[in-house]
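Two complexes are shown next, each including chain A; its partner changes from chain B in the first to chain C in the second.
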Partner chain A sequence: MGCSSSLPDRGSGRLVGPNVENGGAADAKNLRVKLVLLGDSGVGKSCIVLRFVRGQFDPTSKVTVGASFLSQTIALQDSTTVKFEIWDTAGQERYAALAPLYYRGAAVAVIVYDITSPESFNKAQYWVKELQKHGTPDIVLALVGNKADLHEKREVSVQDGMGYAEKNGMFFIETSAKTADNINLLFEEIAKRLPRPALSSSSSIQNP
Partner chain B sequence: MEGSSSSPSSSYSSPSSAIFYDFLDRMRNPASLDLVRSIKSFIVSFSFYPANPENDGKRVQEFFATMEDSIRDHPLWAGATDQEVESAMEGLEKYVMTKLFSRTFSSSPEDAKIDLEVSQKIQLLQTFLKPEHLDIPLVLRNEASWLLAEKELQKINAFKAPREKLLCIMNCCKVINNLLLNASMSEKHVLAGADDFLPVLIYVTIKASSPCFKLSNYDVDANPPQLHSNLKFIQLYRRQAKLVSEAAYYLTNLVSAKTFISELNAKSLSIDEIEFEENMQAARLTNKETQKEATPTLEEMTTSQDHEDPGPSLRSHDKETRGGSNYPYMDKEAGDLTVGDVERLLSVYKEVVTKYTSLCTAFRQLSLSRIENHVTNIEDRNVSSTQSAETGMNSGQRDGE
Partner chain C sequence: MMPEERFNVRHAHKPRRDAYGFALRPQYVQTYQEYAHIYKEEEDERSDKWKNFLEHIEKSSQSCSLEKAHTEELPAEATEQKAYREELQAEPTEQKAEIVSESDEEGNDKSSLKSISEGSSERDPKKEAQLPKETGKSKVQTWSFIRSSLSSIENMMSIRVRKQKNMKDEHIVVDKDHLPSIEEVPSQDAFEDGQEEDIYLDASSGATSVSNRESDGLKASGEDEVVDGGVCNSVQADQTKEDVANGIHPEPLFPWNQELESLVHGGVPRDLRGEVWQAFVGVKARRVEKYYYDLLAEETDPGESMDNDNSCGAFRKWRKQIEKDIPRTFPGHPALDENGRNSLRRLLLAYARHNPSVGYCQAMNFFAGLLLLLMPEENAFWTLVGIMDDYFDGYYTEEMIESQVDQLVFEELVREKFPKLVNHLDYLGVQVGWIIGPWFLSIFVNMIPWESVIRVWDVLLFEGNRVMLFRTALALLELYGPAIVTTKDAGDAIVLFQSLVGSTFDSSQLVLTACMGFLAITETRLKELRDKHRPTVLEVVEERARAKKWKDSKGLSAKLYSFKHDPTITEEKSTTEEESANGDVSQSKSDSCNLDEMLKGLSLSSELDSLSDPQDQVDWLKVELCRVLEEKRSSVLRSEELETALMEIVRHDNRRELSAKVEQLEHEVAELHQALEDKTEQEAAMLKVLMLVEQEQKVTEEARISAEQEAITQKHALYVLQEKYDKAMSSLTEMEKRVKVAESMLEATLQYESGQAKALSPRSLPGSTQGNPTRKIPLLSFGLGWRDRMKRSNDSKSTNEQSDPPIPQEETTPTPQEKTSPTPQEKTGEEVQEHVEGGSDTQVFD
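Up next is the complex of A and B:
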C-alpha cells in the first residue's frame, strides 16, 4: 500500500504509550491546532502523518506517537510555533456517518485521496462538500493527492485535483508518504494559512 | 502505584490518591475556610433544583473556573506552581463529583433508557459478532491484547471521578494502540491508523460489556455497563481544559463506537443480511430465556409469549422449559427433532456456550477480581474519608463562626 517502506525501522522505545499533553492555552505565538484527516481507507492518511511526525527531528519537541492520534509542533520563520494535534478518522464507508464527531471544532481538515484511485478522489469531493456544509466556519481545507510516486498508475491528473481545489478555495498539493515528497511542505503551508490571533504583548511567553 | 492505587494506573500523572489527600489536607487547614464554604454551599445548592444534566454540567464547569481563580489567589497557595494549582483542581473535581455523583450520573430517565438500549443491543451482538464482520485484519486479532483492553474499559464503573473514568478509556485505547504499533513493526502490517483502530475499539467495547463485566463489578443482578451515561458524565463534568488533545480524541472514539453500535444494522457489518437477522433473532430468544430465569414471573412469561411468535414448534418446548429444565432437548432422541427445532436448538446451544464461557472467564478472573475488589474498597474508603473531611470542614466552619 505504498507506505510500508516509509516506516523507519526503529526500536520500539519511543513508540510505547503516547503521552497526554496538558495542552496549555494557545497564544498568538504558540498556536495549538486541531487537524482532522479524512479520506477513503487505504489512501495513506496515516502514512502522511507518520512521515510528518517522525520525519521532523527536533529533540526538544514533544512528539506524541500513537496509532491514530499524533501531535507535532513546527516552528515557523516568524518565530511562532504551531502544534498540530492530528485526529485520524476511519475511512471505511461504514464509519462515514461518525465523521462529524471528529471534525467538530477542527481548525484544519486535510482531505486525502490516492492519485491511482478515482473512487478515492470522488470520496474526497464528498468530504469537501460535507465540510463546507457542516465544518467549522473558518476551517482551513487542504486537498492532498497522495502516492504521487506511483506515476505509472496515475488515474487522477494533477489538473483535476488542482482545478477542484481552486474552485473550492482549498490548498492543494500532491505528496508521497513513501518518498516523503512535499510532506513537510503540506504542513508548513497549512500553518501559514491559519487565522492568527492578533499579536499582543505575549512575546515573553516561551514554548509550552 | 500500578494495581495498588485507587486510581487507574497512569504513566503520566502523580498518584491521584496522593493528590487527593493533599487536597483534603489543605481543605482541613483553617486558612481554607472560605474555600470550604464555597465548595459546601455549591454542593448543597444542588439539592434545591431538580436534576438537569446540561444545566448541571454548566454550573459545575463554571464553579471549577471560579474556584481555580480563588485557589490561585489564595494565601494557602501563595507562590504555588501551576502544577500545584492543577493538583488542587484535580482534587476539587474528584471531591465535588464524588459528592454529586448520585445526582449527576445517569440522572435523567432518557439516559437510563439509552443505556439500556445500548446494553441490550450489545448483548445481542455478543452472541454472534466476529472480528471478520468488522473486517479486522488477522494480524490484529490478538485475544490477549483485546482481553487486556476490555479489562481496562471494564474498570470504568469502579470509579466516580470523571478524570478516573476518562483514564480507564485512555488505558483501554493505549492497549489497542500498542497492538497496532507492534503489528506494524513485527508483522510488517502497514500502520493504518484509525482505519484499524476504530474497528478494534468497537469490537473490544462490545466484548467488554459481557456478563463478566457485571461480575467483575460485583453487581451481578442488574447494572448494565452504562456506556452512554459514563461518556456523558465525562463530557459534562471533566474540567473542560482537560478535555482536549489526546484525551478528547480517545473519548470521541468511544463516543463514536457507542454511536456505531446503537445504530448498527446488517449493512454496518460484513455479513449477509438474512444471517444477521437470524442471529439477532436467536440472540433475542436466548436473552429472553435468561431473563425468565432471572425473574420468572407468570406475567412476564405470558406477555413475552403474546408479543412474539417464535416459530411453529416452539410453544410445546416452552412448556417444558417452564416445567423445569431450561434445556428441553436433554431427553430427546435425534429422530424426535424436526427442522423447526433447529432455531431453538441453536439458541439454547449458544446460551449454554455463552454461560460456559462466562463462567470460565469469571473463574479465571477470580484472582484478578479480588484485586479489583480491593481497589473498590480503597475507592470506598476514599469516599468515606471524603465524608470525614466534610465533617472536618463542618467543624472548621463552626469554629470560625
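Up next is the complex of A and C:
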C-alpha cells in the first residue's frame, strides 16, 4: 500500500509542468487580445494591418468606412501564442464619434501617425488623451510613426515621437507598411507587454 | 488612342474585375464566374419585363402628350443626329471601342464618363478667366435628361420629392418646371433597339440641343423659361401637385405602382439603371438650373464665397480629405482615370458647398463614384443630393447622429428577431454594431458583391427611405446567423461573418429575403424606434461637445484671466494679448465660433460705438471680455466639479463592481478549470502507475505459470522415477524370493550333501567332502550377513518380523528346488549381490 500511494504523487508532480506548456491551460499560454487602430485619415492604419495579417502592401488601398476587422495569431519565443483581433477604424474626424464602440474593451490601442505630417501627430495626441480618459483602465498604448520609408519628407522627428510616448508611458516605434519595416516587431513588442493571466494556482494546488 | 488603351486594360484585367469594372477579391473570382451567367439570364429576363412595362404605362398615360411632343421633337432630332455624325467623324476610335463593347454596360459608363470629363478636363482651376464660357461648354456634356419612357415614374417620384420639400420648407426650392425638356429627348426608338451607347449619344446630344436652346432662352428671357412642348406634362404635374397639397394619395394616378414595385424587386435592367435611379430619386424635381455650375464656380474662385474664416477652415479640411480619398475610391477601376477622378472631385466639392452641414464624409466618395459610373456628372450630383439630403438625412453630418440612432434601432430589431444569434454574440462579446456599422455607413458598398449592392440600391432608391437598409441587414443575419452560432470566439465569428457576407453573390435571394421576409419593418415602425433611441445618442453627443468646448476654451480663458489680475499690465501688452488671443481663436475654429456668438449676443458693437475714445474702447472691451471670461471660467470650474462628481458617481456605479465581480468569478472559473486539468493529469499519472503495477502483476503471473509448469514436469519426472522404483522394488522382491528359493535349495543341497556325507563319511575322503562345504559357507554366511545388516538398519519391529520369518524358512524348509545343480546357486548369488548394491537406498520405501 505504502508503495502504491507514493507513486502517483511523484508522477503528477513530474507531469503538471509540461502540461501547462502543451497548451492545456488555454488562458495562460494562448492569449486573445482585442486591438484597435486609431489615427488620422491616410496615415496607413489599414496598410499596417494588411502588412501584418496578409503580408501585402497595396499603395492604392480603399478608404475604410466605419471600421474593418482582421485577426492574426503570432507565436512568441516562450511558446505563448497571441491572437490579435484587430479593429481598423476609419480615420476621418467625424468617425471619432463611432470610435468608442470599437475601443471600448480593447486591451491594446495602436495610435498611428504619419511621420511626414505634423497634423497627424497632433491627431495622435488627441487619441492618446481620449484613450487615457475613456479607454480600458490598463490598456496598452502604442504610438506608431508610419511611413518611415519617406525619411526625406520627414516632418516629425523620432525624438518628438519618442518623447511624447515616454511621457505618456507608451510603447513607441517607427514603421513602414510599404517596406514592412518593424511591422512584425510592433506586434511582437505589444504581445510582450500584455498583462498575463497568472499561471499560479495550478502548481500550488498540486503540492501538498 | 485613349479609349483603345482603356479597352485593352479592361480586358487584361477581366478575370479580376466584375461586369461593373470593380475589383473582385481573389477568393471570390470562382464564385463570381459561376454566378455571371445567372446574372446574364436574370438581366435578359428583366430587360424584357421592363420594356413591356414601360411601353404599357407610356401608352396608357401619355398618349395625347406624346404626339404633341413628337412634332416638337423633330428639329431637335435633326440636330442631334448631326451632332452624332460629327462626333463619329471626330472620334472614330471612341466609336470603335464602343461598338466592340456593345452589350457591355461598363463600356458605356466609361464612354459617358469620358465625354463628361473631356469636356470638363479643360475646366482647370488655373483657367479661371475662361470660366463662364467653359461652364457653358461643360454643361453640354455633364447633364442629360432621362428617356421619356421613364417620365411617368419620374413624375410619380417627383411628387414624393415635392412633398418632402414642402414638409421641410427648404429655402433652395425653386418653383420651376423642368418637365418640358424631357420630351425633347427622342430616345424612344433607341430604347427599343436596346443599344445603350446609342441611347447615351442620343441623350447627350439631345441634351446638347436642349441646353443650347436653354442657354439661348436664358440669355433672352432669364430664369423662368418654359418650353411650350411640355405644356401637357406640366399641367399634369401641376395637377398632381395640387393633389398632394389636398392630401390626395398619388396612387390612383399611378395604378401601375404595384407592378413597378415587383419589377424593382426583381432588379432594374443595367442599361436603364442610371436613368431609373434618377427617376426614383426625383432628380428632375430637385434640379435647379445652373446651381451645380455655380457651386463649381464658387469652388474654383475662392474669393467669392468665403463668408467667414470658420467655414473656410472646414472647406479646407474637406478639400484635403477629398484629395486624400479620391485615389482610394475604387482604386484601379478602369473608368476612374484622370478624367473620372476629376469629375469625382468636382462632384464631391460641389456637394460640400451645397450642404455644409455634411460637407464631405468618407463613404460619399464611393456613392459619388458609383453614381458617376451610371450617369453624367450633374445627374450624379443631383442623385447624390437626393440620397444624402433625403434618404440619409443626418447620417453623415459631423456628429453622425442618425447613423448612431439607426445602429441602436437595428440592435433592438435584431434582439427581437434573432434572440438566439444575439445570445451567442453576447456570449462571445461581439456587439451587433461592430458588424452592421460599416454596412449601414457604406450602404453595403464594398461589403457585399457588386451585383447585390446594386440590387439593394435599386430597392432602396425606389422606396425613398432607409427601410431596405434594415431589411437587407436583417436578411444577411438570417442567411448567416446559423453559421455564426457555431463559432467559438469573437474573432472567428466576425471573420466568418465578413467572409460570408462578402460572398453573397445570390443577389436575388438576398433581395427577396429582405423584401419578403421582413415586411414588419416599415418606415413608421423605424420612426418610432428612432424617436425612442435618439435621446440616448443626443445625450452622448452633447456630452462630448461640451467636453470639447470646455477643453478648447480652457487655455484661452486661463491666459486672459491671469491678465486681468495683473494690474501692472500696459496697454500695448493688452492689445498684443488680445491679438494673440484672437490668433488663438482663429486657430481653433470652434472657439472663434463661440466667441463670435458671445460677442454678438452681448451686442457689444452698439455699446462699443458709444465709447468714442479708442483707449476707452480698449479698456472697456478688456474689462468686458474679462468679465465674460471670468463667468465662463467659473462655469467651467463648476462643470469640472460636476464632471468629477459624475466620475465619482460612475465610480460608485455598481456596474463596475459587478463587472469586476464577473471578472473575478471568471478568473475563479479559470482557476477551477486549471485545477480540474491538474486533477485529470494526476488521474492520468495514477492510471499510468496502475498500468505499471498491472504489468508487473502480469509478469509475475507468467512466472508463476511457468513455475507451475515446471512443477508439473518435475512431478511427472517424479512419477516416472516412482514407477521405476516400484519396478525395481518388485524385481527386488522377486529377487528376494528367488534368493529364498535359492537359499532353500542351497540348504536342501547342503542337507542332502551332509546326508550323503554322513552316509559316505566312513568311506569318503575327508579332503574331497570337506572341500565342498568350505566352498559353500562363505556364500551362505554372506547371505546371512546381509540379512543381519538389513535387520539392523530396520527400526520397526514389523519389518523385523517380516524379515525374520524367511530366515527360519530358509533354515528349516527345504524345497525341491534345492536339488538343482550348483550352477543356478552361483548365479543367484551373483544376482543377490547386484540387488544389494541398488537396494541400500530403496530400503526407505519398504
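Basically, the second predicted complex is superposed on the first by the 161 of 208 C-alpha atoms of A that agree within 3 Å, B and C clash if a C-alpha of one lies under 4 Å from a C-alpha of the other, contacts with A are read in each partner's own complex, and residues count from 1 in each chain.
Just so we're on the same page, a residue touches a chain if its C-beta (ideal position, glycine included) is under 8 Å from a C-beta of that chain, and two chains touch if they have at least 3 such contacts.
Just so it is clear, the structure is predicted and the values come from calculations on it, not from any experiment.
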Once the shared chain is lined up, is A:Thr89 touching chain B (first), chain C (second), both, or neither of them?
-> first
Can A:Pro197 be said to touch chain B (first), chain C (second), both, or neither?
-> second
What is the contact status of A:Gly163 with respect to chain B (first) and chain C (second): first, second, both, or neither?
-> neither
Which partner does A:Ser68 contact after superposing on A: first (chain B), second (chain C), both, neither?
-> both
Touched partner set for A:Pro118, first chain B, second chain C, both or neither | neither
Now for A:Cys47: first (chain B), second (chain C), both, or neither, which partner does it touch?
-> first
Following superposition on chain A, which residues of chain A contact chain B and also contact chain C?
-> 4, 7, 12, 15-16, 19, 25, 41-42, 64-69, 71, 85, 87, 90-92, 94-95, 97-98, 101-102
Chain A-touching residues of chain C, taken from the complex the two chains share = 317, 321, 324-325, 327-332, 361-363, 365-366, 396-400, 403-404, 429, 431, 433-434, 437-442, 445-446, 489-492, 494-495, 498, 541, 544, 667, 670-671, 673-675, 677-678, 681-682, 684-686, 688-689, 692-693
Okay, in this complex, where on chain B does chain A touch?
-> 11-12, 86, 135, 170, 174, 176-178, 180-182, 184-185, 188, 190-199, 241-242, 244-247, 249-250, 252-253, 255-256, 259-260, 263, 267-269
Complex contact set, residues of chain A against chain B = 1, 3-4, 7, 9, 12, 15-23, 25, 37, 41-42, 45-47, 49-50, 64-69, 71, 85, 87-92, 94-95, 97-98, 101-102
Quick one: in the complex, what on chain A touches chain C?
-> 4, 7-8, 11-12, 14-16, 19, 24-25, 27-28, 32, 34, 41-42, 58, 60-71, 83, 85, 87, 90-95, 97-98, 101-102, 105, 197, 200-202, 205-206
